[in-house]
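This is the structure, below, for whatever I ask next.
So that you can tell them apart, the chains are marked A, B, C and D in the order they are listed, and the count of residues begins at 1 in each.
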Amino acid sequence: MTNSLSNAALDQGSVERQLRARRDGGRRLLMPYVTGGITPDWTAYLRAFAAAGADAIEVGLPFSDPTLDGATIQEATDAALARGATTRQILADLAELPDLGIPLVASTYYNLVLHDGPEAFCAALRRAGVAGLIVPDLPLHEADELTGVAAAAGIELALLASPTTPEPRLAEIGRRSRGFVYAVSIMGTTGERADLAASATELTRRIKLGTDRPVLLGFGISTPEQAREAGRHADGVVVGAAVMRRVLDGAGPDDLRAFLATLRRALDQE
Amino acid sequence: MQTRDVLAWRASVAGSGVMGEPAARGRFGEYGGRYVPESLAEACREVDEAFRGAWADPGFRGALTRLLAVHVGRPTPLTPAWRLSGELGVQLYLKREDLTHTGSHKINNALGQALLATRMGRRRLIAETGAGMHGVATATAAALLGLEATVFMGERDMERQSLNVFRMRLLGAEVVPVTSGSRTLKDATSEAMRHWVGTTDDSHYCVGSVVGPDPYPWMVREFQRVIGEEARVQCAAELVTGVPDHVVACVGGGSNAAGTFAGFVDTPARFVGVEAAGGAGASGGRLGVLHGFRSLFLQDDEGQIIEADSIAAGLDYPGVGPEHAHLRDLGRARYVTVTDDEVLGATARLARTEGILPALESAHALAWVIRAAGSGELPAGSTVLLTLSGRGDKDVSTLKELL
Amino acid sequence: MQTRDVLAWRASVAGSGVMGEPAARGRFGEYGGRYVPESLAEACREVDEAFRGAWADPGFRGALTRLLAVHVGRPTPLTPAWRLSGELGVQLYLKREDLTHTGSHKINNALGQALLATRMGRRRLIAETGAGMHGVATATAAALLGLEATVFMGERDMERQSLNVFRMRLLGAEVVPVTSGSRTLKDATSEAMRHWVGTTDDSHYCVGSVVGPDPYPWMVREFQRVIGEEARVQCAAELVTGVPDHVVACVGGGSNAAGTFAGFVDTPARFVGVEAAGGAGASGGRLGVLHGFRSLFLQDDEGQIIEADSIAAGLDYPGVGPEHAHLRDLGRARYVTVTDDEVLGATARLARTEGILPALESAHALAWVIRAAGSGELPAGSTVLLTLSGRGDKDVSTLKELL
Amino acid sequence: MTNSLSNAALDQGSVERQLRARRDGGRRLLMPYVTGGITPDWTAYLRAFAAAGADAIEVGLPFSDPTLDGATIQEATDAALARGATTRQILADLAELPDLGIPLVASTYYNLVLHDGPEAFCAALRRAGVAGLIVPDLPLHEADELTGVAAAAGIELALLASPTTPEPRLAEIGRRSRGFVYAVSIMGTTGERADLAASATELTRRIKLGTDRPVLLGFGISTPEQAREAGRHADGVVVGAAVMRRVLDGAGPDDLRAFLATLRRALDQE
């Protein structure tokens, strides 16, 4: 039985339901990221993530112009595209994957969503067993054109919030986001950073004033210490560049499992 | 008029609203918008608010007008291209943006945005540049107003346009090489946006064409409107018909074309935007979103953006400003392409007949006029206003290799 | 006014006759004349006759004025250099010849002479060039008016300014390398004169500065007078005092200075001509005759002409126009020199403070203002009009090596 | 006995008197040119010229910017200057020369005349035994400032006439010239040419309408045929570039004597 069949059985809102349930059980959430198609057998990374205790997995659909990404994910994107990775093939690979027991969240730039149209795109995600979607260049005020379509297709569109997002807008993001709220820890692009920015703490605090949805903190979280610190305020973390740096340096699924296990432990200790 | 009957264009749509403010949410028809990371949403809103305030403030406009006069050399002349006109059988007039300080129309916008940045209390300008003209213009405006400037430029463009790199540095700007992707304008733009995300508190992103998130396409067109408004008055004084039959400009992002068209939108003049065959966003692109706006972009079958490739670095952009996409849909403007060879021929021809060495970008517009006059698409006796967006000095080494 | 009392200059001589027509036999005081081979005597007489006729003909002047407006971009602006003025403690205004078509004041003269050549029925222009600016201007004027152009350029200058060489060729001009002597401007001038001897029937020699046999020094000054006349009106509108305390310009042959001074000769403004330390005809030359005129030239103990040597190719001329020698004798103008290092510093400083990259030639004038403001020679609060004779684009590769 | 002493005895107008006498005796005149100081023992060329039957000799005082000279004489000038030739030394060399029995005519650009002032310059010529002077960049209308001074010093200033010189001016040149009239054969610079220009014939005819002074035709005469042809109209020829081309190519005084002898013969045959 492939993932696509099992996932097809999931109700709308499954991402959020699963994340909420785990959070409410006292668990700090971990959502590692991988660039789809980065290696021929890239889905092995997903199994390793699941084995390491991930609560959801973000799968990047590579786009030629990753405007919001830093050097590492740009490099991963270029490498995947150079390998011939396409949205179609990545989704086909996912459809082949057995159910990992945790939700898959696609992330990509809006141009790829528009390419065959939002309906077709969301339906394809759904067929591949993907339940959530992040589109970093589709902010709240442009999201209308996708939220309805996504919901109808059973895809939960998570919105991003940033340290400069002003108040009423932040509340609206909390209301309109589905699955979780993606809190962007700093004013910057994706990429590893030495410390967790003060802005991260403040932002999660502000988001939580307006919504009870899970809040995942991303951008720059790369060490167990940062994860532990993030876990004090947010419901969990997204770890992207720290994963992809290792993948680009040649680390295999086992290496990544070991790395994510350190983050898992740090989150659990908190 | 006979001219217009010959042309197989859609009847132009009445001017109401066309080339005015964009509609709600920064839309020109279905194009435009503000597709930015949430981290830039507030910054875009601030630019929009500041620009609206400034543009409605006679003090700001007066200050800008004076700067354009005393520093940039506006108004620029309208030059009748007599000898070439004689050869082509049309009456060709050139709006001479090549005579502005720094050598292209880019300075109109850079100075406008720099003045806006000081009004917003920013101390630094960020810019992307391809050929280097917008980078030089931004560095110039920054120097003039005592701002800092950081210019992102693809590594490949830096090699091709090394003198412009040095010029920017002489003007005090920091030039940052962009090594990602195709290492050209598209990547420089991405990098500038990334950099802006981290510096919105003290920096203004000075976008170089009618592209980017709202309010940029609108704001840049307004700063370039001076081209069209001057030309309108000059045509009224110079042309027997008062208004030219055709208004032609090259289109990379489309700022010089938009600024020119804006001055004639309420006239029966027909608009032609000329793209590079290798960078024809309006003519060959499909709907997409990049760099903050929804418009037409060159893309492959998978929805990946294709690198533009033209002899003119300033036209090496895979998209086109959203308002142009809209003008195309409306049939109010037509977008055509010319080849590099036609451009080289047009460049040499203008040099020999009128003593003007145009920028390769601007020579695209001329190449189309030459072709259209030859094919009868421009009937004999037509009057044509062509915006000569910049001077060719920057292109001399390229031409030296190719001619 | 306090300013003038501080300066150790001779009281200026009353304007009557100063900077008017030259006296009999083309004399400015003891300088000038027509020291040409007999074979050119008739050609010079014809140019003189034609110029007198043209200059008295409102039709000619109207046609030239229109060409300068629609093709060259005149009037050029007067730019207050606010930030630099603040730093220097003087009020500095720049007359922006860098904004003319082709990028220097040379076009004013080239176009004037080209129009005169058509009036004389000539079909070809001959010119000498050093930096290439006069060559480009001549090639441009020729293209515009449908004339041929042959430009003589020292082989060494052709190497140093290869892009200008290509520009001229693109404009349709023939560029002839001069391999004799120092292979620079002086030799190119000799070669142009030699060539003219054999082609006087169909060619006009378009001399590039206020040098050469009568009527050239006078004629070229008259064609450049537009700089000073525009500046005079602009100063009247912009300056509290109406007239600047000082009028400063760089001096190679001296055409931009002469054109500028001519507009202020009847005012109390003090004139300063700034030469290159390595090409200081007026400041360091002695009486001699070269290239058809009597003036001050750099010479060795044997009376051989010394090669000028400056960072600015356009100032690499060992002599100075005869009228400048005369103005110096009269005390009506003062001639000073600056070093290459001062010039480089001034260039970078103007770029950073005002966003203007001046030609190295023009930066000589600025270098003196900076020095004089620093030393108190220009008292605080003085108003200074400086003619920025050209833009620095041509010099970027030189600067790149040196800065 | 040196030349300077013997020449000091010559009356004013000796150049013209000598040339007239020879012409009136039916002889076609030959005035070869040499660039002063072109070789260390350059005056040997003068002796060779005299031996070959020259009727006068033109000695060029090299000037850095020989505006009216073509490539050959420019090259000779550069070579002489590069050797360190100076007006002073050249005149000193001439002063050492025994009387050749024919007049010496200096030629140079006006800057060298002005250098120490026309009086000093003419006096120096006179002391060196030079009796005539040609200044190609001092045309009729500027000559006033030198003619008086030269005459006072016993130097005959020959003026040049050119094919474009218009009528009344040509007559004035004939009147004011001393020694001879230098007819410039063509509109061009010095230098060898294939044929004698038609303008040469016409110009000598026109000059002779207005003056009885000897008329020497110069610029471009380089072969016996040209000399013979020139001799049909003018009283004689000046041969410069053809001489200097040979000197630059390494020809010694004997070679030049042989060459000039061919010209002499051609002139005499006429």
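Keep this in mind: a contact is a pair of C-beta atoms (placed from the backbone, for glycine too) under 8 Å apart; a residue touches a chain by one contact, two chains touch by 3 or more.
Keep in mind that this is a model prediction, so the values were computed, not measured.
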Most remote chain, CA-based centroid, reference being chain B: D
Chain centre separation in whole Å, for chain C relative to chain A (CA means): 68
Cα-centroid distance, chain A relative to chain B, in whole angstrom: 38
Chain centre separation (chain A, chain D; CA means) in Å: 97
Residue list for chain A, restricted to those that touch at least two other chains: none
Per-residue overlap in chain C, given as positions that touch at least 2 other chains: none
Topology of the chain contact graph, where touching chains are joined (line, ring, star, complete, other): line
Pairwise chain contacts under the document criterion: A-B, B-C, C-D
Touch list for chain C against partner chain B, complex: 69-73, 76-80, 83, 96, 98-101, 103, 139-144, 146, 163, 166-167, 170-172, 347-348, 351-357, 393, 396-397, 399-400, 403
Contacting residues of chain D [partner chain C, same complex]: 63-71, 74, 78, 81, 86-88, 109-112, 114-116, 136-142, 159-166, 169, 173, 184, 186-189
Partner chain A, residues of chain B touching it in the complex: 25, 33-39, 41-43, 180-181, 186-187, 190, 193-194, 197-200, 287-292, 294, 297, 299, 302-305
